[in-house]
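I have a structure I would like to understand better, so I am pasting it below and will then ask my questions one at a time.
By letter and in written order, the chains are A, B, C and D; residue numbering begins at 1 in each of them.
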Amino acid sequence: MNSWSTPRTDLAVEAKELLSRQVKEDIPGVLTETLHDDDVVVTRVHITTIQAGQMMGKAPGNYITVECYGLRYKNTPLQKKVMNLVAQELVNLAKLPLTATVLVVGLGNWDVTPDALGPRAVSKIVVTRHLQKMLSPELQGGVRSMCALAPGVLGNTGMETAEIIKGVVTAIGPDLVIAVDALAAATSHRMNTTVQLANSGIHPGSGVGNKRFGLTQDYLGVPVIAIGVPTVVHASTIAMDTLDTLQDHAAFSRYFKSMQNLSEHDQRTIVRQVLPDTLGDLMVTPKEIDRLINDMADIVAGGINQAMHPNIDYKNIHNYLH
Amino acid sequence: MNSWSTPRTDLAVEAKELLSRQVKEDIPGVLTETLHDDDVVVTRVHITTIQAGQMMGKAPGNYITVECYGLRYKNTPLQKKVMNLVAQELVNLAKLPLTATVLVVGLGNWDVTPDALGPRAVSKIVVTRHLQKMLSPELQGGVRSMCALAPGVLGNTGMETAEIIKGVVTAIGPDLVIAVDALAAATSHRMNTTVQLANSGIHPGSGVGNKRFGLTQDYLGVPVIAIGVPTVVHASTIAMDTLDTLQDHAAFSRYFKSMQNLSEHDQRTIVRQVLPDTLGDLMVTPKEIDRLINDMADIVAGGINQAMHPNIDYKNIHNYLH
Amino acid sequence: MNSWSTPRTDLAVEAKELLSRQVKEDIPGVLTETLHDDDVVVTRVHITTIQAGQMMGKAPGNYITVECYGLRYKNTPLQKKVMNLVAQELVNLAKLPLTATVLVVGLGNWDVTPDALGPRAVSKIVVTRHLQKMLSPELQGGVRSMCALAPGVLGNTGMETAEIIKGVVTAIGPDLVIAVDALAAATSHRMNTTVQLANSGIHPGSGVGNKRFGLTQDYLGVPVIAIGVPTVVHASTIAMDTLDTLQDHAAFSRYFKSMQNLSEHDQRTIVRQVLPDTLGDLMVTPKEIDRLINDMADIVAGGINQAMHPNIDYKNIHNYLH
Amino acid sequence: MNSWSTPRTDLAVEAKELLSRQVKEDIPGVLTETLHDDDVVVTRVHITTIQAGQMMGKAPGNYITVECYGLRYKNTPLQKKVMNLVAQELVNLAKLPLTATVLVVGLGNWDVTPDALGPRAVSKIVVTRHLQKMLSPELQGGVRSMCALAPGVLGNTGMETAEIIKGVVTAIGPDLVIAVDALAAATSHRMNTTVQLANSGIHPGSGVGNKRFGLTQDYLGVPVIAIGVPTVVHASTIAMDTLDTLQDHAAFSRYFKSMQNLSEHDQRTIVRQVLPDTLGDLMVTPKEIDRLINDMADIVAGGINQAMHPNIDYKNIHNYLH
């Protein structure tokens, strides 16, 4: 699958932005709510009908985005703030009794930095399922049973991630699966600054690694919450954006006037010449990608830990950490 | 579990050596065959009865050891030779039709160098299960279906490795599981120079990480071949060896004469004073452990690849590698 | 420094291509020689005058490029072929007696994958300077004295790399410095498939990490050969290429006709809108960047080892390796 | 050099303990001061004469040890407490004006976990030397000029670490060198729980990697403070300790009575049989060595940062971090 045939974005908030450029009115079946302060924007997109989902290229469900451009720079208080917001949204989305068992799955490839968000986040999850019998009576029932797995990618295991997870779900019997994944964005400023939570699971073709099978409640038999961070922009998106920018100028500039009528098919033809087929998936990432992925894995894992372990005193969390 | 209560060795060949020091005659139910040249010693220990197994501290089955002390030093031809021997012994032990599917499991912890043998070996396995449908008709049936997983350890996942593997076996349905693991040796010269193959699976308490559940045909429902490399000696073994050496001298030296009657219980008391309980598992490893683990992972993975993919031309193996 | 103000390429062969698009005739003071077979193209660009250097944006000197697009895919024989060619060109460029001491310097940042080519190559160099006194008399004089250093980047050390190297050169007194660095290319198909050797040293502003000080014979007092591999394309290059492709179409298509007269200044204005200033250096890399960097580090280090240690039998090279 | 010929410890506090076992009275020229609370013991050993230094096997100077056995377990408040103590002792030892420039050197090998303390600590140092000209006037003079380097080990560079540092010191001209190194301890409970500061520099043969050249004020021309953490116990120490324990029992037990007169030479003979010569440096480390090294690198780097940057508000330290 070449980069220009994949969707330009895995974010519902961007799918809506792209759609709104064409359709200048409200999209029926899509409800949007936005909250913001100086640092952070929280957007809740609710896709309520299958038709709306088809227009948006997303399954029906709730998609919550926490955006904070300040995360580009090392800033501990801002990271904490975003972590708290992720935790809060996750609690609302999961609506889970404390006795429920949760399996956190890290999708993606350890060895490909921008795809390593899932495995790195999983390594920071406070797992407790194996400690349940060892807990003192007063702690038991107060510490949620959590377990976690980063199974690796199809090319390295020879097994679809979905197959592996289905097997583990059968053996372990969790009440909820939380799947963490690296995503592609349509706009470069959302890279490594945005967290998306969704209760619709993970669908084929999404993510940095282009899944072939979905990870959904239908397939696994338990609810699935997907938490994703856009870590790349496809190189083709940069090329398409350049053409879009030109067309935005076309109405006002004699230079670009003739471009006004350029069709999407023409656009793809040009991009294909810039990015020849044989090169596969070219990704755009910032230079500090390694540090940024670690920061975002901290935020995602911290958000999950805080939402799922409300009774753990964070001053003593080191007692629970592996 | 403290280091002095664990078995001093996971190698059948060493269990027999230790036993033979006490029992000066043949052990009934244990058959041993040894082959060697200047570089390599191959020992096949066959434990034929449950009683013999109890004496040896091992389940009944075949245990083959390939020892090559020259592996301590970087030596590509010697590595190749040992790899070929491992492949040959694995073919004989597995007796598998080419159409059978094989799941290779890497036990142990990526983040603890001497325990990382399994995960590192798994990363070098030529996985092909996902390519079966893409293979050209003349290749199909000629390339074995292989898949591989390194699930991580209990403390990081909250799930017993055996539970995870059982779930995956249920989902995938392999015909054979090959489990690769880091072991403890009783003698320091066998560290990182020895490969053991066994058709009895992996049993609780063995390995560097002290498994609590076994990985056996009984539990998984499919045959299990264990391939292990001793990568550590427990610190307590060094202390015990010092006492053993003293006792060996006792008969000849007036200094140590009084030690002749030192019981195993007395030995343990002394070792406990040298290595206080609170320190957990102290391991003895050579300084070059990181390189040695990589070399041994190459040998084990190379042996598995060669045994399981007899039709792959190794000049073109890069075409199959992820 | 933002990505659109940096030169689009560090490769002399590309600088010449870009220049030839504008200047349709021969560039005075630039001599070019090309050799090729089905797999590999070797281009030798000789910049003979300061004026020619200014037009090309490069210091006068010899620039040799070995290009092999097949390196995108794992292919051991092709890697070996390119390694041999690099070794041969390096021997011709260095013209060094066997008694000369060589210091290999790996520029760039271990922690930023596309910038890690230099440090990774340095870790594969056969260093021998410290062994000179231990060598047997018949080996002495036959094994070149080699040493190697990867000092890290300004942001991590607080010292200009050039300062550190100058200090080490003063202390050690090598006869030649070979500096290995990751470069930026103007065309995506040259990423990780091309090696450039140059006898003009490394100049400020080049490389993935934008050096502020040069590493030249003038500054260090000894000859400097730079060996570089383009590992990234700046995101701005993709945007600029899209505009160039449009302009190439302009003559033939009524849609793009009006773009024929778009100035470079207009182009930059558009690119600046697509890639906002605050994002810093966005880089385009392939997904398999980690493996590709390792492969290219093998080729560069192998080429240096072979050129500098002509008397080492490669079957026994493991005896020399750390 | 084999492990039993190296000194059993790099810690002055242990050298004194070992000496005091033999010499039952005060050692002339050695002053000792001890402070402690429930968590931490601080010992200051002052070696005032060359003769005392020879008895102790250490150069004359001040040696301060901060010991905290609780560091074996993840415990953030305890880590912070030890970090503060290290910072305080470093301030007292360095007595440095704020305008002085400091070079922090990380000794040891990135690729050998127990030897990686120095390089890992260096990666956490807040370097500022390159920012001095960019600082606003009110910050200038308030932020110390710090730079840092981890040059790698002789086997990887072909250059003595001392040669490299001498070259860099010449080029940069720092007022103080702080050298961070991994050490060997004589007792296993001090591994990864102890920090030693010394104003006598680093001497040949000490550390995990057995330096051949010292890093001293004599050689470099500027004062050198060494900060070390014992990360290993030599395997031979375990064997020697077993014999020592036996001898301690000898007086009371009829079994060991005959051992009372065992000479050090006899001890070494026995140890040599347990740990054959060919195995090189066997080290004893705990299983969680990777995490422990990271924790100790945090403490050492944090202590240096706090001591050297007294004016940096730690809430905003992320603004200075690379």
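The rule is simple: a contact is a pair of C-beta atoms (placed from the backbone, for glycine too) under 8 Å apart; a residue touches a chain by one contact, two chains touch by 3 or more.
Predicted model, so just to flag it, every value in this text is computed and none were measured.
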| item | value |
| --- | --- |
| Labels of chains that are neighbours to chain A and to chain D | B, C |
| Farthest chain (mean CA position) relative to chain C | B |
| Chain centre separation in whole Å, for chain B relative to chain A (CA means) | 40 |
| Distance between the centres, which are taken as Cα means, of chain D and chain B, whole angstrom | 36 |
| Separation of chain B from chain C, taking each centre as the mean of its C-alpha atoms, in whole Å | 44 |
| Two or more partner chains touched - positions in chain C | none |
| Residue numbers on chain D that touch chain C, as the complex places them | 123, 127-131, 145-152, 154-160, 163-164, 166-172, 322 |
| Parts of chain A lying in touch with chain C, wherever the complex brings them together | 69, 72, 111-115, 188-189, 208, 233, 235, 238-239, 241-243, 245-246, 249, 254-259, 261-262, 266, 270-271, 273-276, 278-291 |
